[in-house]
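Next come two complexes, and both contain subunit A; in the first it sits with subunit B, in the second with subunit C.
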Partner chain A sequence: MQWLKEHWLLVLPMVLGAFAVARLMPKGEPRSSLLARLVGLTAIGIVGGSLLQPTGSVLNDALFFLFAGVAVLAAILMITHRNPAYSALWFAVVTLAVSGLFLLQSAPFLASATVIVYAGAIIVTFLFVLMLAQQAGTTNYDQNSRQPVVATFTGFVLLGALLFVLLPSKEQAADCPLTGFVSLAPKVHSVAQSPDQSSTPQSTSATTAENFGTMRGLGRSLFGDYLFAVELAGTLLLVASIGAIVITPKRSSGKL
Partner chain B sequence: MIVLTNYLIVGSILFVLGAIGFLTRRNLITLMLSAEMMLHGVSLNLVAFSNFHQNMQGQAFTAFVLTVAACEAGIALALILTLYKRSKSLDVNLWSQLGEADIESPHEEEPAVPTAQPAQKFPQLTPAGRSPQFQKETAHRV
Partner chain C sequence: MNSMNLFPLLAEGSSDAVEDLLHWLCGLVGIPVQVGVPLILILVTLGTILGACSYAIWLERKLAAWIQDRVGPNRVGWAGLLQPIADGAKFLLKEDIIPSHVDKFLFVIAPTISVFTTMLTLSVVPLGPTTLGEGFSFIIAPKIDIGIVFLFSVTSLAVYGIILGGWSSNNKYSALGGLRSSAQVVSYEIPLGMSVIGIALMAGSLNLETVIDAQAQAGLFGWNIWYQPLAAGIFFLAALAESNRLPFDLPECEQELIGGYHTEYSALKFGMFFLAEYTHVFTVSFLCSVLFLGGWHFPGIADAEDIGTLATVLKIGVLLSKVFGVIVLIMLLRWCLPRFRFDQLMGLCWKVLIPLSLANMVCVMVVREFELSWFWLPVSSFMLLCTAGYLGFQPAALRARSAKHTEQLIAHHSH
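Entry: the complex of A and B
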């Protein structure tokens, strides 16, 4: 009971969010979901208002809350929508919001690459397959999800455990108000000032702080430290494309 | 200075929502989209830690995650097309016979939901040789 009294800010949004997601999952006839929507928005509001810490910079905070809120809302809409085509479009919104978060974390190349690869290639091909295979719109199996209550309960128990580990307790937050971490990682400034003494694997000098966030730094890291991994990734792409050509049904062996 | 924990929270929320979607939805395409959303959560974690440590290793890992996601999408679409060709449906429950024989099927019987189609109104042509009657509705539509 004491534990519950201390951590009610963590438990309450988990319960509300689990109720909302389980209620919004398609099951049987379409039903009115106004209550579930309100409860879900309340849960997101509690998480955003109490668990996330503002940094003090107004522009950073505004952009972060905008992108994070759009990402989470579109994610919930994606997994609960009855029409898979709309799910794919909501996934595109999730991708755009996540690439906005990448931009805030000074990863501009990854933001653009994510938009190009996911929104430009993957979603379009998924939509093509959807149009090819399922022309009737929503079907019976889209309207009935499989064990929504149990799966949502499991997922939100996992989320609660993750957040319980992630959120600092009060004395830790007093020690380290900005990062929230004291034990997991060294302080930022010590890493930035003495990159050679960090316990991370050996990296060339070009991948350290002065090149951070630039395309030059990422290129030096990829083609310097991870050259063999890049070669392996290229081989993986080649093998995957050959495999996709082999697996795809041939036209001569029957109409799709 | 950017708070690291915020990004980790958003990443874990995206990961868990993707996992819930993967467990519950029955359309093969929605399953794959949910898996991609789990990858988004992981990428967000990696990029946040990359910014936290001020080195490029997390971003390099995210580039590899992107590569593997593209490969996965290609293979998955080929497999989905093959499965669709065999069963003429995207329902994943049709393939539950691949499990062990003595474990009972996890999915319950559900009533068939009539797919609500919106009532379509087709334009009606007037027979030849008669002057057409303009209705208010058609004028409104055009």
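Entry: the complex of A and C
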């Protein structure tokens, strides 16, 4: 009970949000649930208003709340929309909004790559499949969600756990007024300000001040600090694509 | 005070009058230069593109007529010069039909997505002289570190206009056009990107200003087309396919699909698709000129060290002439080459362009890594092209047999 009293600002929007999303899931007849929409917006408002402290820069804050709000709303619309083509498009909006958030964190390459890979290729492929599959109109699978309550409950428990870990406690909040979130990444600024770090020739760190956020810095980081991880991921993708080619039916053997 | 700023405008050669003019205009309206100059550039670019698009259509019709031994448009104005204006008025005044069976929201938004994305790409394309230093660059958003990647990310969104237009029309021809387009554009993005990686490796940057600067400093024989002729060819072909121009216009393919993705569109919405296509052609031409043809550089006319009003005007002129040349080449190609079949289109991309661009990229990497002479780059391009040609002209039976052999090998291994 004591715990609930301390964390009601976290628990309340989770409960409200879960109720709203579960209610908005497509089920049977089309219906417009004004109540659920209002409750959902209230939940987003509570999270946005109470848990995220403004940084002080008006433009930064405005852009952050714009992108974050669009991302959350589009994500909810994506899972609650009855038409799968619209769901795919809302997914595209989510990736665009998240790319905007990346840009705010001075990661332009990550933002562009996300747009190219997700919005430009993956969602286009989704739409491609939907156009091929939906010649006869929408089916029962689109009209009814299978387990709306269980799925929503699981999703919001996960979301609540993430927020609980990421949100600062009272004493931590004083330390990092920048975003209101605890930074899980190693502190960039301390590295950048140590003078011997940039002068040593064997240093491959990307976090020196002049390279921060540039392609050069990113390349140094990826192929210096994280070389093995990058190579491993690349090999994995190569193996997966070779596997995909091998299991494709052969045209000459009459299976296609 | 503003009138005093006018004087340097007229003193030719002393300082850059174009830059002064832009600053003076900002002062006149009373907005800061950092906001004002991009705004003016956006307005000028937008106006020029809208005008140039309609006259590009006129040019294309005249060229088509010339190739086919006809007269072409000659009724409205002298030599049909007012024809574009008449066409524009027609787009505006015709009845705008939204068929009852379409998905209204997506149907309306699809052409705007097309126009928006193609216009957005122009924001990082150099439209005139550029400098790496403190000076003024004719780019709407200068000094973007990831220039080329940004371009590709925005171009990759352009396909939504076509797909959504095709899907929302609820018409089988439109749907087929949208399907074709999504497969085509997603495929051709790969050679497009890989052919530019070589350029980025040579210039050491993805920034288009740096790419121009590297070429301009090296003179006429520093243009990338001498070192990377193969990459230039691949880039040009892939860019043509991305902009859905003939011989790659399968998404609209009149003989089979009526109008493809824009079958159901009329009036201004159809005009917007048209505008997007021509804007895309302009962007492609600008990119070809900037990446491979030295941008605003031309020996003896516009060199890297020239500054001043005359140099600025000449550099803009040189860049625009190169762009015009590429546009005319694209238009001539349209009336010279027949359309591909769809399997040929996919085969060209996946079996020819992607392996070639990959091999070319590896060649550039080898040259850069071992610091060989750049002379090896054209040699390797030529050898790759000859190898591809040799493999392409192998008798079909031989290729079929080797493919069968490979399949048997795979089948053997899987048991």
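Keep in mind that, in the parts below, the second predicted complex is superposed on the first by the 192 of 256 C-alpha atoms of A that agree within 3 Å, B and C clash if a C-alpha of one lies under 4 Å from a C-alpha of the other, contacts with A are read in each partner's own complex, and residues count from 1 in each chain.
The rule we apply is simple: contacts are C-beta pairs under 8 Å (C-beta built on N, C-alpha and C of every residue); 3 or more make two chains touch, one makes a residue touch a chain.
Since this is a predicted model, take the numbers as computed values, not measurements.
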First, second, both or neither for A:D225, with subunit B first and subunit C second: first
Touching partner for A:A113 - first (subunit B), second (subunit C), both, neither: both
First, second, both or neither for A:L16, with subunit B first and subunit C second: neither
Partner chain in contact with A:A151 - subunit B first, subunit C second, else both or neither: first
In the superposition, subunit B vs subunit C on subunit A residues touched: B
A:A121 touches, of subunit B and subunit C: first, second, both or neither? both
Which superposed partner A:F102 touches (first subunit B, second subunit C, both, neither): first
Touching partner for A:V39 - first (subunit B), second (subunit C), both, neither: neither
Residues of subunit A that lie at the interface with subunit B and also at the interface with subunit C: 109, 113, 121, 125, 130, 132, 213
Contact set on subunit B toward subunit A in their complex: 1-10, 12-14, 16-21, 23-27, 29-30, 32-34, 36-37, 40, 43-44, 47-57, 59-60, 62-64, 66-75, 77-82, 84-85, 89-93, 106-107, 110-113, 115-117
Of subunit A, residues touching subunit B in the complex: 21, 25, 28-30, 47, 51-55, 60, 64, 68, 71-72, 75-76, 78-79, 84, 87-88, 91, 94-95, 98, 101-102, 104-107, 109-110, 113-114, 117-118, 121-122, 125-126, 129-130, 132-134, 136-148, 151-152, 154-156, 158-159, 162-163, 166-168, 178-181, 185, 188, 191-192, 195, 198, 200-201, 203, 207-209, 211-213, 217-218, 220-222, 225-226, 229, 233, 236-237, 240-241, 243-245, 247-249, 254, 256
Complex interface listing, subunit A residues touching subunit C: 85, 89, 92, 108-109, 111-113, 115-116, 119-121, 124-125, 127-128, 130-132, 213-215, 246, 250, 252-253
Contact set on subunit C toward subunit A in their complex: 106, 144-146, 149-150, 152-154, 156-157, 159-160, 163-164, 166-167, 175, 178-179, 182-183, 185-186, 189, 205-206, 403-404, 407, 410
